[in-house]
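There are two complexes below, and they share chain A, which is joined by chain B in the first and by chain C in the second.
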Partner chain A sequence: MADDALFEFLHMEMVAHVYKEQAARTEMEQERSTCVSILEGMGFRVGQGLIERITKDTPSFKDDLDVMKFICKDFWINIFRKQIDNLRTNHQGTYVLQDNKFALLTQFSNGKQYMEEAPKYLAFSCGLVRGALSNLGLDSVVTAEVSNMPSCKFQVVIQKT
Partner chain B sequence: MSRQSNRTTESKKMNSELFTLTYGALVTQLCKDYENDEEVNKQLDKMGYNIGVRLIEDFLARSSVGRCHDFRETADVIAKVAFKMYLGITPSVTNWSPAGDEFSLILESNPLVDFVELPDNHSTLVYSNLLCGVLRGALEMVQMAVDVRFAQDTLRGDNVTEIRMKFIKRIEENLPAGDE
Partner chain C sequence: MADDALFEFLHMEMVAHVYKEQAARTEMEQERSTCVSILEGMGFRVGQGLIERITKDTPSFKDDLDVMKFICKDFWINIFRKQIDNLRTNHQGTYVLQDNKFALLTQFSNGKQYMEEAPKYLAFSCGLVRGALSNLGLDSVVTAEVSNMPSCKFQVVIQKT
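Moving on to the complex of A and B:
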């Protein structure tokens, strides 16, 4: 029954830690991508664990779209207390999930000022989605972009095997 | 949408799993980043402190708890209001020192360790050390310097989890000169 605030603060500390740790060791150039990948990796593990528990008594899914709908609805509600506002797909394995008020961005001011900082705070969530999909049998690449705080688009590309 | 959702009532509970698992991922990462458990403990405490100094505002705003008159009252508020609000548990307050400046919080269950087993090579890791930092940080913001540590931990084979808190001093507010 942890409160949302607690998770949000923990997440901030996590991001701060990963960036500080990285700055202390390696060369500048690689820094950015590795920090994001560490956070993404942490999210991946958590996503895997969560989806196992959320889908405990869910009937099996008919197709990929059905899985994505579940992510947008049940999964998102469980984690962020709201569902994805808009789901689009090209029916070829690419999905765009739009959240108009993404929980982890609501602490930012709405202007353009902190736009560059935003990716740090999205990496973990990208990992969550990728981890969840992975345990549902879908390999994917998940990226996020922000064009207008606090709304955010997650692009999910399912990898064909 | 074809799928019927019957899980909305459970969403509060699920959210705690998010926190528990995320915390687990963080501790794992810290163990990778630092050589020894001592460093990890220290870092967890520091992160907790940073959370605490912010969390206290959220707490005061939402709980509408007033000023505490003595340390006993503080202890009760921490156990019955703060822990309840953020972790959904109510630890018991016991083992008061004769001087009334030191007590224990006994946690029957600790949501942070729900899915955790400590591997043998981390015998000195204080897994939930974040909590100590949170308490220290939060109390510092209300002018109380305290010392917080884990006295017992179920992860390490004890029957209960015990957090020991010791009041050190009241922090005097130092107003800048000429400021009323």
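Moving on to the complex of A and C:
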């Protein structure tokens, strides 16, 4: 569908732009802000805004797992048009969300040759999740890993306060 | 709808980022690439990609006016969820597309106080139109003006070769 394409193309441009501008910087400046953290920050703010709209008519959540299920289903469908395929947890605040066909990686051939490129295209989405959780009252650390394109695992570690 | 929100929030972040990074640059660098042209360029490439998908099953166009009507209707709906409200032409290659409630301006209050800010939020969309037309074989110059938020006029001048 073309409306997904709008987001995907714009995301692509944003990644390309952030990396291009970084290449033009001096080394000292580069240390201050890495591309991944810039993209993650953008995702964070977009995630905060989106979750507010999506949860507008949602009753409150009973626990962290309930929040994570919402992220895997409603939040994910809203952004990526599919839900997370598998959610696992150790029941101690760590959650692994697996998407077997992650929208932002489907344009890559599924061999190993673009594996190095993957983190660039995951930073924004890690931020999305962290931003959404943050607005639901959960501080978290979100990382992503790819072992086989276009499948992708997001690890969420809830920070206890 | 929240899926529009995704694009709108991401667009907002992108504009903010491009302007922030520009502020950190030296004067000489600033001359090379203005924010408006960076955003316009991003829009151009996104427009090129989108039009290719949207026109996949469309029969070919009979003339420039036919192309412009497609931009006002299918292309606009696809991106902004509504069509252009008014299309005017002098039949000599100049078209004025008026959107009475332009999606990327609806967040502004409709007084005069944010008028200066408007061009930042229009550059990407000017690029979208120019990119789409370019892929349909028409070179153009696209500008936008706002006289009353959130209404907006895009002027397209087709370049004869």
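Convention: the second predicted complex is superposed on the first by the 153 of 161 C-alpha atoms of A that agree within 3 Å, B and C clash if a C-alpha of one lies under 4 Å from a C-alpha of the other, contacts with A are read in each partner's own complex, and residues count from 1 in each chain.
Criterion: a residue touches a chain if its C-beta (ideal position, glycine included) is under 8 Å from a C-beta of that chain, and two chains touch if they have at least 3 such contacts.
What you see is a predicted model; the values in this text were computed from it and never measured.
Chemist: Specify the partner with more touching residues on chain A, choosing between chain B and chain C.
Modeler: Of chain B and chain C, the partner in contact with more residues of chain A is B.
Chemist: When the two structures are overlaid on chain A, which partner does A:126 contact: first (chain B), second (chain C), both, or neither?
Modeler: A:126: touches no partner chain.
Chemist: Based on the superposed arrangement, let me know which partner A:54 touches: chain B (first), chain C (second), both, or neither?
Modeler: Once the two structures are laid over each other on A, A:54 reaches both partners.
Chemist: One more residue to check, A:6. First (chain B), second (chain C), both or neither?
Modeler: After superposition on chain A, A:6 lies in contact with both partners, chain B and chain C.
Chemist: A:69 in the overlay: touching chain B, chain C, both, or neither? Say first, second, both or neither.
Modeler: First partner only, chain B.
Chemist: Once chain A of both complexes is superposed, is A:35 in touch with chain B (first), chain C (second), both, or neither?
Modeler: Once the two structures are laid over each other on A, A:35 reaches no partner at all.
Chemist: Please identify the positions on chain A that touch both chain B and chain C, taking each partner from its own complex.
Modeler: Touching chain B and chain C on chain A: residues 2-3, 5-7, 9-11, 13-14, 17-18, 21, 38, 42, 45-46, 49-50, 53-54, 78-79.
Chemist: Can you list the chain A residues touching chain B in their complex?
Modeler: Going through chain A, the ones touching chain B are 1-7, 9-11, 13-14, 16-18, 21, 38, 42-43, 45-46, 49-50, 53-54, 58-59, 66, 69-70, 73-74, 77-79, 81, 124.
Chemist: Give the list of chain B residues in touch with chain A in this complex.
Modeler: Touching chain A from chain B are residues 1-3, 5, 7-8, 11-26, 28-30, 33, 43, 47, 50-51, 54-55, 58, 85-88, 111, 115, 130.
Chemist: Which residues of chain C touch chain A once you look at their complex with the stated criterion?
Modeler: For chain C paired with chain A, touching residues are 2-3, 5-7, 9-11, 13-14, 17-18, 21, 24, 29, 38, 42, 45-46, 49-50, 53-54, 78-79.
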